[in-house]
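Heads up, the next two complexes both have chain A, just with different partners, chain B and then chain C.
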Partner chain A sequence: MTAELTTESDPRTPPGSTEARHGHRRRRSGDNGQARAAVLYLAPAGVLLIAVMAYPLYQLVQLSLYEYGQAQASGGAPLEFLGLGNYATLLSDSRFWMVLVNTCGFAAVCVLGSLAVGIALAVLAGRVRWLPRTLLFLAALGAWATPAVAGSTVWLFLFDQNFGLVNEVLSGLGWQGMAGFSWTYDRFTAFGLVAGEVIWCSFPFVMVTMYAGIKAIPGEIVEAASLDGASAWRTARSVLLPILRPLLIIATIQSIIWDFKIFTQIYVMTDGGGIAGQNLVLNVYAYQEAFAGSNYGLGSAIGVVMTGLLLLITVIYLWAQRTTGENT
Partner chain B sequence: MTTAARAPKRGLIGRVLPGKRPGRTLAEITTVLVAATIAFPLYWMVLTAFKPDGQIQSTDPRPWTLSPTLENFRQVFTVDDFGRYFLNSVIVAGVVVLISLVMSFLAAVALTRFRFRGRTVLLIMILVAQMVPVEALTIPLFFLMRSVGSVAPWFGLNHLGSLILVHLAFSLPFAIWMLRGFVAAVPVELEEAATLDGAGRFRFTWQVLFPLVAPGLVAMSVLSFIHAWNDFLFAKTFIISATENQTLPLAILVFFKPTGNDWGAIMAGSTLMTIPVLVFFVFVQRHLVSGIAGAVKA
Partner chain C sequence: MRFWKLATAAIVATLLVGCGPPQVDQSNSGADSRTGTLRVWLFDEANRDPKEKVVNAAVEEFEKNHRDVTVEVRYIAVDTRSERFTGAFNDPSSAPDVAEFGNTDLASYVTAGGMSDLTGMIEDWPAATDLSDSVLDTAKVDDKVYGVPWFTGVRALYYRTDVFDELGLEPPRSLGELVETARRIRSERPDMYGIAAGGKYTYAMMPFIWAAGGELAERGNGSWRSAIDSEASRRGVRTYTSLLDPAICPPDQCAQLTGTESVQAFAGGKAAMAIGGDFNRTAVNEGAAGEKYDVVPLPGQRTGSIAPAFAGGNLLGVLRSSDHSTLAQEFIKVLAGKKYQRRMYEAMSYLPTFEDVQDKVAADDPAIEPFIETLQAGTRFVPSTPAWSEIDAQEILPTMVQRIATGEEVRPATRRAAQRMNSAFGDR
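Moving on to the complex of A and B:
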């Protein structure tokens, strides 16, 4: 998202005319009038964002520094300041590390899957006529629109142990072991199932974005490249990819942000984190610690770790993109 | 060298005459198959919702039914008061859309049209706000809503107001960022013309600017609606004991039972939950795509 910031210098108004107009306006109404109106216009959104986002964010960090359990939450017991105690507990907890590995692996699979499917189908959509393309877009739109809970329940039913279509088809094809196979029992098949659902409902965003980008590339550029003797692969890599890079960055970051903090799909499909918590990801783990285990302080610490990691990943990704972007 | 010289020529012809490309039929068949695969889970959901129970609880499921029934829908509405949860979801998502429409439009106008100190800082803060994983805020928000509830019960835990407040706040940063692009695309000359014609800032904003950014507002509304409609985490956290104030996502989970899931009811509920979003999506898809493209370009 921050990538957009670089193109932020108001390209719509040429600098000279802006100055002139700006000066003119200043004489008429004055900067004070504009500032006052701006405050008025920004106030409703600003107040709400401070109250429901900024303040809770501050509180999240604060809570993570305290021992905050059932006794404190129900009002009576005094707060005990732990400093980084909750974080120390987390770091020495083998379960936390398992959850961290789960989260990163699961998010990586989902991001790569959505990008691969989305880009492949965007390219495919650009090569076919109107009817198949419309069918593809309608189907993708349907998957995109499906609420996470509804999507999760349908996928669960399709892969149900006894009444699911998938097991039925697979065993019908001669794979006898699949009759009565439980997809959610094993840690990896359960993650695979959830990843399938997540990719199913998140690739359309990538596809639509990349398709819009591909369509916007003038045909002359590709023609010029092929006239200069570039192969199809070289055209894609050296001509199209740099043009599409900004869109690709947006699609990737958006996917990372979405998939790293998945809650609903994991919670619904693995019934709150899987057998013995084998399918926990950070978000579900924080929820379970806080609201099932009444460890609000520890849950907040997990939330802080998650926020920090997400920020770190996004910054690293943007930085890497910027450096490679400058080289080419 | 000769092959290198010949290859691009073929590529060029292929581009000029796309109809002659040999792989296209194959690509089109693939596209249709892929589309069918993507749509299949939705088809299965709707089909199951209309299947009689005997055909659902079968180890030999068929991809069609010859005896469609409304029994599953009747059950979720009569036995489980689904209408109430549906209405709750509509109220939450509807109020969020209406208020965020006004709030984000005003903020976008201020950030695009007015020059004032700290504007860039504010813009950066809105970008950063989009990256905050709001799910991590569940715990502090739970306590916040609990204290809010002791002052204004309607916005406290167990009430729809708490859900409206959080979804409103969470949808604002992206909505503002997206609308900014649309507002900026309206030429400044128009504002000068309106001013010359005697329209004040307020009138210009609402009578000229507001209708002009309508496509952006539509796209933004759809995204806010879906965001609020789909929410599971906050509904689960905030609506603890007041079952009459539950929203759809939670109501569906009631049919998952240890004694055996009632798949017919689950699929009927999921269908009911999906249809409004689907209609909304298809109806505004053109705006949606241009809206996202607008946000991306901004």
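Moving on to the complex of A and C:
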């Protein structure tokens, strides 16, 4: 199929025309054929991507430029073009900045937490026998497979103020202050609790990825390093880490994207953003501010800002990785 | 290359600015057919059977009087009503002719252009003169009626008779007494809340504001402005938030309680008092507080007065896209008429909206009397503007209450809430 397509001359060029007789022209037409083949092969994926990615993104950007609520959608009110009005409203809202800081801080803690736990357990899994390793993997996969709503609810039960196991155990151990302690009342304990749940359900991805990476490192390399007299720390830093870097990048970017977009855990565990909205993150804020109040224009603006921020963070991270990668 | 870049930019800009986002043409065909299928949407209930029986009887009666008409009733879930109505407004061909909806949703449905004006129908319907005025007000936007009140609901004060007897207390007769009584109970019974006052229980807070002479918002020159930071409203907010105190209902337990959770705390025996609706009676009867409670109207500022309650309830309306509007109106006159309101009360214990029917049911059932008394003492409603759904969704008032409960002063908290409310009003 490829061969046929690439050797076929362009039908738009009549055979024997001046263009076809020149050598370089013929080469161009061969290139064209290849390009056309590539386009043909990519077309199905392209159509799908345009349908499910480009068009919604286009709609998102477009909606964000209008005053667009339920009244406008169902034709009860005329459309009003606001230009960047929704963005101006958003950026001048002090709550948006508070929520943005919340989101970044919370995502950072969750990313670092799940990376640390995931890597530590991956290393551990590489060093223990198969039974503890299997148990470890079963526990991790169980956490990974638990639906977010179910996981959050179970954690809430465990940390319930009056009937929770955690408070019972802590006060049973003689820590009297913990009887009837509310984990969701204070802003930071509430964030801490949710971060715990998020790390619990997202570390398995890091662990499995890193474990696969560690297992794929040939034994000879580590052996060579130890023959050269490198310490365990030196081996990890200068031999294993560079080999694992691509996997680490993937795990980190995935975690950043997931944790930045957290919705369920915050929504369920802090009851829609905590007391007086102290635990709001961007996604919950967008939902509350815009979609629950059917102010789709503003909601889209928040969506665009979030997409932009995520792209920016990812690009910066990739760039930082590339420069440090070149230095070592 | 440069040309292509410019061309792409031009195309994208034209697409973004030139053709706007999708909009639906809401106008109907102008047809008013007297035969065919009349589609009706009603809300599903936790226990639908009794409601369905009453509705089926009404449908049967209506079909007997209208030979070539079939009524198709569908029950939709309350939780997903917003999606369903949005869908109906966006696609008129899948919309019903008659729909039940909550009165707090009315303003946004009307602004969306989804409901038809029923003012003429109410004027020509003799029975409508018996409709309670304050309840009929909840069906109006800009002095036009868009729905017939089918049933209403108000909240009153539930209290534990056993606790009050043991401590030698009388049900409070003013809001000041209410606070004192609640404090007294918790000092004697530290395992109980004096009153279950939820930080997210906005409908329990509103009567405190109205009783103090305050308002949520006021209308002037056609636009709404928040009045939550006025002197009088602040007094009401201060009284309500004084209940969220370690000596009455500790903030670390009560700041996050919703209305349902507050009533549950009472039903479960955790609270000595609670503000609950007539529609909560079944839940309370089934709980630990079961036989040991009574209800009085929530007292107002002055001794012996009644605090104005929020008039919740559901309406029956006709969709603007309906091509059976006359039939739809006639069906509403049957289903929301006196006969079937009475039956709905017997089946579901939903309060009727006709004053003469209210008097009759109160005479038959003393347990419902405090609610009827509250209703007839005059009720209030939230600002009838679509901005209200936004204010509600953004949890502006619960946030305000929670801020005060966690230590902020009343003045800055109400001022901030007023600013946020005004920006929601200003959007419209």
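Assume the second predicted complex is superposed on the first by the 274 of 328 C-alpha atoms of A that agree within 3 Å, B and C clash if a C-alpha of one lies under 4 Å from a C-alpha of the other, contacts with A are read in each partner's own complex, and residues count from 1 in each chain.
Methods note: contacts are C-beta pairs under 8 Å (C-beta built on N, C-alpha and C of every residue); 3 or more make two chains touch, one makes a residue touch a chain.
Treat the numbers as computed from the prediction; the structure is a model and nothing was measured.
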- Between chain B (first) and chain C (second), which, if any, makes contact with A:Q59: first, second, both or neither? both
- Which of the two partners, first being chain B and second being chain C, lies in contact with A:A139: first, second, both, or neither? first
- Would you sort A:G219 into first (chain B), second (chain C), both or neither based on which partner it touches? first
- See if chain A has more residues touched by chain B or by chain C, and give me that chain. B
- Query: Touching A:A37, do we find chain B (first), chain C (second), both, or neither?
  - Reply: first
- Message: Let me test your reading of the model: by the given contact rule, A:S231 touches which partner, first (chain B), second (chain C), both or neither?
- Response: first
- Does the superposition put A:L49 against chain B (first), chain C (second), both, or neither? first
- Query: Counting only touches as set out at the top, which of chain B and chain C does A:T307 meet: first, second, both, neither?
  - Reply: first
- Note on the structure: Overlap of the chain B and chain C interfaces on chain A comprises residues 59, 63, 73, 271
- Spell out the part of chain A that touches chain B in their complex, as residue ranges. 1-2, 4-5, 8, 10, 12-13, 21-22, 31, 34-35, 37-38, 41-42, 44-46, 48-49, 51-53, 55-57, 59-60, 63, 73, 121, 124-125, 127-129, 132-133, 135-151, 153-155, 157-158, 160, 162-165, 168, 179, 200, 205, 208-209, 212, 219, 222-223, 226-232, 235, 246-247, 250, 257, 260-261, 263-264, 267-268, 271, 283, 286-287, 290-291, 296, 299-300, 303-304, 306-307, 310-311, 314
- Okay, in this complex, where on chain B does chain A touch? 4-5, 7-8, 11-12, 15, 21, 23-24, 27-28, 30-32, 34-36, 38-39, 41-42, 44-45, 48, 56-61, 63, 102-104, 106-107, 109-111, 114-117, 119, 122-124, 127, 129-144, 165-166, 168-170, 172-173, 176-177, 184-185, 188, 192, 201, 226, 229-230, 232-233, 237, 248-249, 252-253, 256, 261, 263, 266-267, 270-271, 273-274, 277-278, 280-282, 285, 289, 292-293, 296, 298
- Query: Can you list the chain C residues touching chain A in their complex?
  - Reply: 15-17, 20-26, 82, 86, 89-90, 108, 110-114, 199-200, 251-253, 255-256, 386, 389-395, 399-400, 402-403, 405-406, 424, 427
- Task: Under the touch definition given earlier, write down the residues of chain A that touch chain C in their complex.
- Result: 58-59, 61-63, 65-77, 79, 81, 161, 182, 184-185, 271-273, 275-277, 288-289, 292-295
